[in-house]
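Here the structure comes first, spelled out in structure tokens, and everything after it is commentary.
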Amino acid sequence: MTGPVFAIDPRQRDIATELHASVRELPLICPHGHVDPRILADDEPFPDPARLLVVPDHYVTRMLLSQGITPARLGVPSSAEDAGVETDGRTIWRLLAANWHLFRGTPSRLWLERTFSTVFGIDTPLRAETADEVYDAIAARLAEPAFRPRALFEQFGIEVLATTESPLDDLARHAKLEADGWGGPGGRVITTFRPDEVVDMEFAGWAGKVARLGEITGLDTATFPGFLAALRSRREAFIAAGATSSDHGHPTARTVALSETEANELFTRALRGEASPADAETFRAHMLVEFARMSLDDGLVLQLHPGAVRNHNTWLHAAHGRDVGGDIPQATDYVRALQPLLDLHGNDPRLRIVLYTLDETAFSRELAPLAGGYAALYLGAPWWFLDTPDGLRRFRESVTDSAGFYNTAGFVDDTRAFCSIPVRHDIARRVDAAYLASLVVQDRLPFDEAAETIADLAYHLPKRVFRLDARRSPTQEVESR
Amino acid sequence: MTGPVFAIDPRQRDIATELHASVRELPLICPHGHVDPRILADDEPFPDPARLLVVPDHYVTRMLLSQGITPARLGVPSSAEDAGVETDGRTIWRLLAANWHLFRGTPSRLWLERTFSTVFGIDTPLRAETADEVYDAIAARLAEPAFRPRALFEQFGIEVLATTESPLDDLARHAKLEADGWGGPGGRVITTFRPDEVVDMEFAGWAGKVARLGEITGLDTATFPGFLAALRSRREAFIAAGATSSDHGHPTARTVALSETEANELFTRALRGEASPADAETFRAHMLVEFARMSLDDGLVLQLHPGAVRNHNTWLHAAHGRDVGGDIPQATDYVRALQPLLDLHGNDPRLRIVLYTLDETAFSRELAPLAGGYAALYLGAPWWFLDTPDGLRRFRESVTDSAGFYNTAGFVDDTRAFCSIPVRHDIARRVDAAYLASLVVQDRLPFDEAAETIADLAYHLPKRVFRLDARRSPTQEVESR
Amino acid sequence: MTGPVFAIDPRQRDIATELHASVRELPLICPHGHVDPRILADDEPFPDPARLLVVPDHYVTRMLLSQGITPARLGVPSSAEDAGVETDGRTIWRLLAANWHLFRGTPSRLWLERTFSTVFGIDTPLRAETADEVYDAIAARLAEPAFRPRALFEQFGIEVLATTESPLDDLARHAKLEADGWGGPGGRVITTFRPDEVVDMEFAGWAGKVARLGEITGLDTATFPGFLAALRSRREAFIAAGATSSDHGHPTARTVALSETEANELFTRALRGEASPADAETFRAHMLVEFARMSLDDGLVLQLHPGAVRNHNTWLHAAHGRDVGGDIPQATDYVRALQPLLDLHGNDPRLRIVLYTLDETAFSRELAPLAGGYAALYLGAPWWFLDTPDGLRRFRESVTDSAGFYNTAGFVDDTRAFCSIPVRHDIARRVDAAYLASLVVQDRLPFDEAAETIADLAYHLPKRVFRLDARRSPTQEVESR
């Protein structure tokens, strides 16, 4: 099975296929994702096919929920005692197979089918009648040593994989990985600094988390300067564990530069439990400016992905917790929101901010003009609901005019689903190949430049933008221009 | 004339043509439209071509108005005494023909031309010189018995057609149709419950309409509980006349769950004439929650189509009244607006809400993620300004990623133009065929699944979503999963 | 080199090529642009290639800035004494060539490359190694008499070119042009009335500019009626210099009809320096209504292009001034914003308003429904960040459904870059040819109508909409229908 070609015209398909072939085997750069580092630290066999491919995949469980099949029937853990969570992997798998038609035309279908085929070597089409056959075949593979996480990591051709951790994480799995020759600065598995839970006052137990940050760092986080110092300290620890970027998931892209006095006052008021939702928004906005300042010093690339209404599905959240498919995008402004931060540091090429969106109307109207006009800005790959063949295509069609290719940051798989990583990168490469082929066919770009570009998009650009290459300091980078 | 194929590549065109051929003759399911039931109840011959195809078609009259040709010159009725409304059908028709170039590339051109061709058998291209020839040919057909409404209904292959009535309507035409073996539950012509004029306090004469609702039902609509009881009573009457859905046209998608006390207070204040525009918005928002509750009991599918600024063209409204082309879409939020309703009932598969939009930015950002994550939600077909070959294509390209095909509700023609019904369904089937063919050509979907899908989209899915199949109760449906 | 064809399928390419060939040699109508009239009045040789093609092109300098190459290094003038502005054209050119890959897939690449090829006859691909060769070849051409501005104007086939001037401009260059047989009403070079700096109270030195307007006209601009009279007076002067349109660049599309008293009060308050930002917005909104009234009298076509956040990049603005690439689009509402103006004059076919946007979400949702339903409205070509092959294509795909072709105003190059004018028009013609070819291939439009349409779009329609043909009065035009 050679895989989909995201073009229709025969000549475009031929050129796309040739461009894709030229980057097909390039190593995978995975600077942004949510794989549990324990998987690679422990290197235990994966559990059954349903627990590997269905239960943790919120794309899959939400689609089934949309047709009335509850997460509990799909084995999604629940805090409710009487949830009746299904525990038999085969039963879950059969439910997926019986409803496989729901996924026609969706990226989930593509990811799973290509995973069956390219990772597990199974080309039997999934349907109700073949559910057991496919299940058993995958289960058999999972029992083999070649399907242990580290073996797959190498088979997948991953050069570097970033996981995501809170500043409260002790990075013990990364220490284990480093001890095994897999982690540390320049290593194969690195971490990412994701401080949302200590920055977002609306997180349950925020003040306690801030106190815990103080304990971990031995600094007094009861004051705002101490809080900042503690964050800086954790960033150093993360950098020592290989981190080259931070990751910030905010409801909006708003930034604001409070005075020191204002920030102190807001912070201490919040610790007293007196912060309003507007205060929380202001604090998140101000902290983006603080993190930009820290990045100027320590070189972490600042990733911002705003625009999700978290836990929109309140029943789902109550029954099954966060990150199980209940978030919904909302319209997101970048132009006014980012201006305070850009006023301060937007023209500083030592700073590197990667912007994501769930609102594709921002592509041509806001994000491309911003990234094509500020030295600090790069556009992250289409994210989440937009991380699809058509979403990736529309991204290129919408941003290239004003941002070109070289203000984009390359594909990020952004996934918890370890086994889907090679498939996701492959699809992104295929989509970029088809887009570049369309330019070639229209006589807008010579083939040789298209070939150079696809290699940059697939490999060199993410490595450079996320500072995974020479791991040089920002100042060294700028001086070399 | 075989008709347009909405694809360019020869292989895609071949596959699209084959897919379309497989559903071309399937009966038409018309669950949402605005045909006057009198047409079918009386079964009188249609008037002249202009009165049939130009005067009542606001797509056509607004385009001509945009070039300075007034609705009066096109025969659109006016309340103004000195309007000088044209009464000669041939004169109106010649004006259309002389300005036919304005419609190049528009859906009106396609609908009219295909209607001439497939309904009336006329392939002469319309232009100034052929105006009389085409007019006379259509007029001749309209005089034949085979072109009476009921004969056309059967020739068109319509399986079921829903009209739209106010709760204040006595459903007399539907009673006549039932007496003739054409109406009633499970019949060929059914009604739809459209309560806007008694729900929207901003309608002229709202309080009087509420009083009239009380008279019709014999219930005391001066209190909110009585008002709700009267609505429930009318819903039962509508269901007895075959209705399977309600239809709600609101300026926004806002929902809110007032307490009983708050709702009572707001309702009685409004009856006293003391409601503000904000009150009216709140009341509409609350009533959507009430209607969802009623739907849970009586099974009517709740259709919501928000986002039109009604009577934006105030001169047009003053001169010619409502629904003559003076409405304009506006940006529409669904994510925050629907949350109160979804909090209460969004995960209940017994509830079925079909969402429409005039704001296509919501397709990928809001509507598809919502419909792909809540059991109660389905996406209605592209509506009004978006009910075009390109609008239908962009709908599939934008929503399939997150919602798939099976959270969409199938095509609705939404038309008053009876003779355009087969053409509109045919174009929708052709567009879906072309979209599915694009997936086949790209190796994203096997042909056999594409063929099954197009039959579902064209026939089975609207029948099921609008509860037109077994006409089972919502609970029976859910239990059968 | 025959140039790009913006289609992929061979048959569509053939038809597009044929349609393009049929309009390729039609004269250029340039009703909206920002060429410095001095260039044509003085007819001096152009300076070196960098000063002609790089330094003044903010598309180019902002892209380089986005990768950390400062405008000063590119020769962009600065008010800062220590800016270190590069003065050597060759050095600037080499910097462009060394970073040429940044422009892959962008319109700048296309415009520059096609300018090299079709204007200067240079087909050597630009890259670091060929920088000097290309530079020297262009420089050699620029020294030839055939490359003087007026000679190029004729070679380009420009029929009419509108520049843009403030009411404070003395139109001396246009007087010179008229004296030379190049300007005046019906002439080859005309002006456009652009009153922003005396209308927008947020312009630095606004009150002084208003006073200056009084001096120029000999009218008392210290009162609002005097201010309006002065503007009318300048409009007459502009019309005498050939103007057929006015041009209004506002942050939003808001309109409002103040009473005479309110307007007087606001105006005099502002002259006292007491206007708030909200006052300034209201005044701009009201002035659009005033300008529409003036247009009804004097026939100037009113162009409105809202939606840019001017000087978003504050560092860039401080260092290098306005219009150097630091503006960013924002989401823009038209439906509510324009209603006050449309209520008054939207159905008057004597008024002609051409609307532009930087927010393409408005195309299908707002602009096409508005232009397809109001006699006064026309859609301007995709503007600025959207003036690209893909932007032009998406415009047609989004607006044709509701507005057709004949409510659009034709291409405007909107450029300061004189040498890019033929290339920009040619690309727009190629994109329209490809779009029309797509309709032909899909059997949605016969070839002969496509051919008539492309000639209208390329030539006849802009001439008519911008009143450049018979230069008849609005009333004469309407009466002729």
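When the chains are written out, they are named A, B and C in that same order, and each has its own residue count from 1.
Note that in this section contacts are C-beta pairs under 8 Å (C-beta built on N, C-alpha and C of every residue); 3 or more make two chains touch, one makes a residue touch a chain.
By chain, UniProt protein names: A, B, C = Uronate isomerase.
These numbers come from a predicted model, not from an experiment.
Chain A maps onto chain B through a rotation of 120 degrees [Cα fit, steps of 5, range 0 to 180]. Interface note: chain B and chain C, two copies of one sequence, contact each other through mostly non-matching residue numbers (shared numbers fall below half of all numbers used).
Chain B and chain C have CA centres that are 40 Å apart. Within chain C, residues 8-9, 361 each touch two or more of the remaining chains. Within the complex formed with chain C, the residues of chain A that make contact are 9, 11-12, 333, 335-336, 339, 342-343, 346-347, 349, 361, 364-366, 368-375, 377, 397-398, 400-407, 438-439, 441-446, 449, 452-453, 478, 481. Chain A makes touch with chain B in their complex at residues 2-10, 62-63, 65-69, 101-107, 110, 125, 309, 312-316, 325-326, 328-331, 358-361, 385-386, 388-391.
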